[in-house]
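Okay, so chain A shows up in both of these, paired with chain B first and chain C after.
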Partner chain A sequence: MTFFLFNLLNGLQLSMLIFLMAIGLTVIFGLMDILNLAHGAFYMAGAYFGYVVFQGTGSFWIALAVAPLLPLVLGFLLQYFVLQPLIDRGRSAHLDMALLTFGLLFFTIGLIDLIFFETLGLTFMSIDKPAGLGSYVDIGTFYPAYRLFIIAVGLIVALIVWLILERTVVGAVVRAGVDDREMVRAMGVNVYVVFASVFALGCGLAGLAGVIAGAELSINISMGVQILIPTLVVVVLGGLGSVKGCFFGSLIVGMTETLSQAYVPALALFATYLILAAMLIFRPQGFFGRTPKSV
Partner chain B sequence: MSKSVRKKPAAPKKPVAAKKPVAPKKPAAAKKPVVAKKQTGAKKLAAAKKVETAKQPDVAPLLTVSDIHTYYGDSHVLQGVSLDVKPGECVALLGRNGAGKTTTLRSIVSLTPVRRGTVMFSGADITHSPTHRIIREGIGYVPEDRGIFSSLSVHEHLDVALWAAKKPVERRDEVVKIFPRISERMEHFGQQLSGGEQQMLSIARALLSEPRLLILDEPSEGLAPIIVDEVRDTLARVKGTGTSILLVEQNVAMALALADRVVVLSQGMVQFTGTPDELEAQPEIKDTYLGIA
Partner chain C sequence: MENTKDESWHPLVEGDESRHDPLDEVANADHRKFLITALIGLVVLIALPFMVGDYYVSLLSEILIFGLLVSGVNLLLGYTGLVSLGHASFMGLGAYATAVIAALLGYPVWIAMLASILISLLIAYGVGLLSVRTKGVQFLLITLAFGQMFHAIAEKTRVTGGDDGMTNIPRIDLGFIGLDADHDRVFYFFVLFCFVVAMAILRRIVESPFGRVLVGIRENEKRMLAMGYSTFPYKALAFGISGMLAGLAGSLWVQHSFFVNPHIMTWEMSGEALLMVIIGGSQSFFGPLLGAAFYVLAKDLLSEITEAYLMFFGLIFVLVVAFFHGGLAGFAGKVSERFTRGKSGGEERQ
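Now for the complex of A and B:
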């Protein structure tokens, strides 16, 4: 029983980390049709910049507060000055954007490798957990306090994002944009600012996930690709632009990966993909996705 | 010139009062051609057509579309369309499917970019402005498919429109009063509304910003006849408040009931511009370009 509880919490912890990534990706995809494969790069930017800030200040909390700002600003600049102008000039949002951002992911990996490994010679990097969260908590079993912290952050962010999207006018503008972008423009909304802001916030959350992961997992150059794959599965499972769908999708993927590893290790490598395949066959629009409007 | 016209937005509010004293005072015959030339500049085609419209010869148009060419990819959809809408006037754009009516409306608000020609609104060149700036200049847009958001409640539709137009909440109450059906459905979501309710919401949303020009793309499409009458009466009331209207319609009877002037399009070109009476007098135009005798 305690073994099950332990794995359940591990699954929840992984789910929340994936959620922080997937929520940005799914809203960006739903709102502006950009499949942002560079999302993994923003996750890495958060982790590595978090490491730098942590080394400079010695404080996990400062790193947590400051590091997501870098991917946030980079995300805004990328969307406003690169991706949107390309789309306006007629480049396809799907294939061209996926290729461009995928290239950007590998460029980032190469750049980080050049700076941190080739130049600075750093190999094993991580951010120290803050005092008070480095210990274990007795909840029938001894469980790392930091992982409970990850779960709490994920739940709080999910609640805040849901409240903003469902209960504010700006959230309604974003949902309207997911339904019918053109009509939002025809109402006099400057969608360019809305798009770039949403893109930036999504990248900032990816950066937040990166800093948090940097204190639990190791910081390395494959971390961006590793988290990107389950994140993409979540986007398909949940349906584009849906917070609820993204939340449940993250739970399913996180739990499946963790529990299959614990109980049926032979299944672990492909259990998630079985679910993905079943979803694509039986409900391709995802749990909470709407069938795209025909024009 | 552009400055003086821009200062005029208050004028269309009381077109009836403004029109009558002006017309008899001026030596209309002498002044007419001069003004027409000044307004349109090099566009002689547009000038020639304007002389026909004797209704308000000395009022500068609110919207002037001059010889616009629009493409979808390689296909040359609009091949030099010119038209204008004067303050307080309702202009109907008629034509068969594929004549370029929707494209003309989309070109005016820059949802589809114009390649050649100009669009002037209230004295300012808006040809290449982004859509949101054009809308903020004072245009309300009701698109062909009504543009209702399925995941927003009626309330949220109006809230977003208020936010976009930076209007106070009181403006919503004013508009809802004109559309009693909507007020009963404030918490319903877009997809739960009937076609008529969606159309009313779309018009109400466009009116929230107090536009000087309301552009509608086939507001009667897919509606029961009794609802079409309701839409027509609503638009007549909107026109009564001095708001200009540019209307695309397949329902010719409804369009002629509302319009002061009619523009007939075919294959991306203007085939006729005139009053509904002038159109009635030329059955061959109705037969050839509208398919009704």
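Now for the complex of A and C:
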């Protein structure tokens, strides 16, 4: 029983980490049709910048507060000055932007490799857990306090995002934009600023996930790709653009990965992909996705 | 919008050979241009190995092998408009099939090669039947998912050495014409032979009514449906053929390098194939080959300076997508057009 509880919490912890990534990706896609494959790059940017800030200040909390700002700003600049102008010049949001951000992911991985490995000689790094969260908590079994912290952050972010989207005017604009962009524009909203801000916030959350993961997992060159793939699976499972779907999708993927690893290791490597393949064949629009608008 | 049931497989223009179409002249000019380019390319590919050192001969083989892979990827990306992020798994499939049949079961390599082409065609066709129900982002993700599954299977399978892979894979036996394929130059010409045959067949395919339908799907699938084409079997078969080319590439790759491991099936590998296609130019027949050549040579040059060559490829890729939509081939086309136009005194066609 304690083994099960332990794994359940581990699954929840992974789910929340993936959720922090997937929420940005799915809202960005819902609003702008852009599949931001560079999301993994922003996650890495958060983690590596978090490491630099942590080395400079020695404080986990400062790193947690400061590091997501880098991906936030970069995300805004990318959307406002690169992606949107290209879309306006006739590049397809769907295909070309997915390819472009894919190239950006490769570029970032290479750049980080060049700076941190080839120049500084660092391979596997990590941020120290803050005092008080480095120990174990007795909840029937001894469980690392930091992982409970990750679960808490994920739930709080989910709550805040939900409140913003459902209870504020800004959220109403974003939801309206997901439904019908042109109409929002006709209502006098500067959609470009809304687009870039949402893009930036999504990237900021990816950066936050990066810093948090940097203290639990190791910071290395393949971390971005490692988290990007389950994130993409979540986004498809939940239905592109659906926040609710994103939350449940994260739970499904996080739990599947963790529990299959614990109980049926032979299946662990492809359990998630089996679910994804089945999903795309039988219900391609995802659990909570709507059937695509007819043109 | 489901119409996967009817079995219409008729060619685009049936019994229409006698029709005179002004577009035919353009097509003929295109065909002549293609033959000239192909001939020049072939002469260069035959002459080059006699002019460069052993190391570069091996690089040339690599270019041709990747050329087969990316031509397959481009049949989907450039001709049909489907972005696959799982093609490395078919290359891996071909490689493992050859390795298992030749090295483990002890059959002659040529049987292994034929078998691996057939296996990759069948499995890719099966995967195609499932994945071409989706398109766009969903298609990208489902091919990624299948790719990851094949990768996981390769890593878990004990007989093929799991993560370590297999070594000592034999090359094809060319003893019947008195040659030894263990020499890199001889093997290069064998690869070139396979390459030319495959490319000739691929050219026939994309120029056939079948290929035209694929282009129609890329341009406007709804219209093709409205014209009465059931697009589903076309897309599935295109997926199968493109997987088969990847399988042939894998089968040659494993002979080229004498070993195979799951690394050639990673999604990074599939991504690099996409890089080659886009950098070379996706909407032309030779573009992806230029991309493969550029990729192999640039990687070789850059790896002397830095391990972080992905940074440069990522950057070039971004720039190509953003500004040079035609890639290298589109650029070369523009240059040659300006050149010929300048020579013929500004004379404009049409």
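Everything that follows uses one rule, which is that the second predicted complex is superposed on the first by the 295 of 295 C-alpha atoms of A that agree within 3 Å, B and C clash if a C-alpha of one lies under 4 Å from a C-alpha of the other, contacts with A are read in each partner's own complex, and residues count from 1 in each chain.
Going forward, a contact is a pair of C-beta atoms (placed from the backbone, for glycine too) under 8 Å apart; a residue touches a chain by one contact, two chains touch by 3 or more.
Just so it is clear, the structure is predicted and the values come from calculations on it, not from any experiment.
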Check your understanding: When the two structures are laid over each other on chain A, do chain B and chain C clash or fit?
Key -> fit
Check your understanding: Between chain B and chain C, which makes contact with more of the residues in chain A?
Key -> C
Check your understanding: Looking at the overlay, what does A:Asp113 touch: chain B (first), chain C (second), both, or neither?
Key -> second
Exercise for review: Pick one for A:Leu35: touches chain B only (first), chain C only (second), both, or neither.
Suggested key: second
Practice item. Applying the touch criterion given at the start, work out whether A:Leu95 contacts chain B, chain C, both or neither, answering first, second, both or neither. Key: second
Review point. Of the two partner chains, chain B (first) and chain C (second), which one does A:Tyr136 touch, if any: first, second, both, or neither?
Key: neither
**Study point:** Following superposition on chain A: angle at chain A, chain B versus chain C, Cα, nearest 10°
**Key:** 90
Review point. In the superposed model, how near does chain B get to chain C, counting Cα atoms only, in Å?
Key: 13
Revision key, fill the gap. Dual-contact residues of chain A (chain B, chain C) none
Point to revise | Contacting residues of chain B [partner chain A, same complex] | key: 109, 111, 130-132, 135-136, 141, 143, 147, 149-152, 156-157, 159-165, 190, 205, 209
Point to revise | In the complex, chain A residues that touch chain C | key: 29, 35, 82, 86, 91, 94-96, 98-100, 102-111, 113-114, 117-118, 225, 229, 232-233, 236, 240, 266, 269-270, 273-274, 276-277, 280-281, 284, 295
Study note, to complete from the structure: Listed in rising order, chain C residues that touch chain A in their complex are 81, 83, 130-131, 133-134, 136-138, 140-142, 144-146, 148-149, 152-153, 155-156, 222, 267-268, 271, 274-275, 278, 306-318, 321-322
Check your understanding: Can you list the residues on chain A that touch chain B in the complex?
Key -> 169-170, 172-173, 175-176, 178-180, 182-192, 290, 293
